[in-house]
């Protein structure tokens, strides 16, 4: 009899525990509108996404923006599968494809920053006085062929990766199968860490670089090419609404996108300045037409 | 010739556990047939293993031909152990054919495989199991397996054969075969120690001594 | 889908995880044997069993700290090489192989060492006897180790770096596929991974059966 009693007590406790956790899950979500937004890991890693979400939440406490940070391709795939209601992304050519497919719409450019080339402090390829990205890449190519330099490619179809491929096309040199060209299929942070380990060059965005650098992880790396005049280095961030999203989530998704767009200068311009000594992103509003023009170039150029 | 003596042997498995054997003294030599009876849990198997020089007693001495066995060197021990063969109550067979299992003991002793297999075939015939020679040992019934384990032991020509409940899994026919074989070996001078909690099977054997074991103590010896 | 690169990734996965498993066996089996022989150590058993479920990414991270250019073994230049993955995975599967074979060995050693004594075997003969009888069980734990190695992501990612043509293995390729949104490709690779694991498991089971039959 004792065994049976023990078993039934155990069973009751488990059933009650499961029921409680399930009801907690349902109840705690009931009152707040969840707005699911997909974004890229590099954007998320800088902390900007959470910053935007919490600012939004203080104005609209009844809504909560939840980010799913994945690779660029996956972020758009999630949109295609309607698993998210909005997308924050920075790869114009992919964005255009998905706009044409009718997956995303009502895009608003809300920020931009610059791609830079980071590399070993010794700069064996001598790119630091290059006048543009194309020249820098060419120098890296030749240094690589002479076994003096390594280059790390993201290889993950991210915004950074596409820009890198775009530049190689403009340089019109093939890196296919080159010993010095390492395709890591990894995220921005991993690529920077790898570049630091191997003393290699890589294309990166300022945001992720500054974040890692400030925590002392990138001791061997320096920013070797940075040129705000070079339009080819501009990295454009846009927010989109996902087609097929509906109801309250859609309402607040739209509000979120507009919120970001309207409050660019306050939200974006000051982000990170106190911690890193310089802004990680720039509000697009200041140079709206130019940035839009660049978006058009990048959207059609790659492929 | 060999004589094994137990002097006031005590045994327990764990250093602070209960005593399984309490002050057991006995002796056995080849030519003798010693039967050990007693209820389950009385310590029969443990006693047999001590007689077979497998377990070292916690207290007391085991003398083989008047020498304290457990104080000998490893090589001396191995040589003496070869004179006494113990057969488990639940047969322990190896992976492989019945023939291989029966021959295994000889192979261990350095016999050529051919010779070992030949002798194995012969004894399997005596036991009426020659048809099962190439069968996988794991596929045998427990009665057949028991006979195979016995065959293996017998091939080693021990001076003392120690059998733990040998009749436990045998049907009437196999029992008869075994009893006849044991009678024969005993006539040839092989000593035996047999434990059984059913003494009627032993009627047909020439029993020299019987020891009644209860709760680890010898309660009767005759 | 089935490209030369994919084929290379598959072969590399099998090679890396296979070598890692074999490497681990060289110390895991003697360790299991030793542990089984020496009797119970509840503490040791518990430690080993806990380590079986070690998060791969944690092990990967720890190894990364050791192999990194700012770490103690930087001079070995092992980071981002297949060898680093081999070392990492061999460490990863060790607790698994030990705990799986230890149980088996404990039971077998007692039974068969007694048998060996009754038949007058020497210590060496006893050891070979035990190994022979436990071969199929040990093979099973090796297969378990291999499955865990080839299916893990954390170590391969952290110390391998998923470099195309060099350290990309099936699991990291799958993760990349997901990151890129190429879900079909990821699933395809995942199925290949499963097929490999099943094939190796079945093949080794069949081989150990055949090995046993050989004695009949």
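In this document, chain identifiers A, B and C correspond to the written order of the chains, with residue numbering beginning at 1 in each.
Please note the rule applied: contacts are C-beta pairs under 8 Å (C-beta built on N, C-alpha and C of every residue); 3 or more make two chains touch, one makes a residue touch a chain.
Just so it is clear, the model here is predicted, and its values are computed rather than measured.
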| item | value |
| --- | --- |
| Contacts common to chain A and chain C (chain labels) | none |
| Innermost chain, taking as reference the mean of every protein Cα atom displayed | C |
| Most distant chain from chain B by Cα centroid | A |
| Whole-Å separation of chain centres (CA-atom averages), chain A against chain C | 36 |
| Chain B and chain C: spacing of chain centres that average the CA atoms, whole Å | 42 |
| Centre distance in Å when chain A and chain B are each reduced to the mean of their C-alpha atoms | 77 |
| Of all residues in chain B, the ones touching two or more other chains | none |
| Residue ranges of chain B touching chain C (in the complex, touch as defined) | 49, 52-54, 74, 78, 81-82, 85-88, 92, 94-97, 100, 104-105, 108-109, 134-136, 152-153, 156 |
| Touch list for chain C against partner chain A, complex | 68-70, 79-80, 157, 161-166, 168, 172-173, 176, 178-183 |
| Chain B-touching residues of chain C, taken from the complex the two chains share | 111-112, 114-123, 125, 129, 132-133, 136, 212-213, 215-216 |
| Chain A residues touching chain C - in the complex, by the definition given at the top | 41, 70-78, 155-157, 177, 182-187, 190, 194, 196-198, 219-220 |
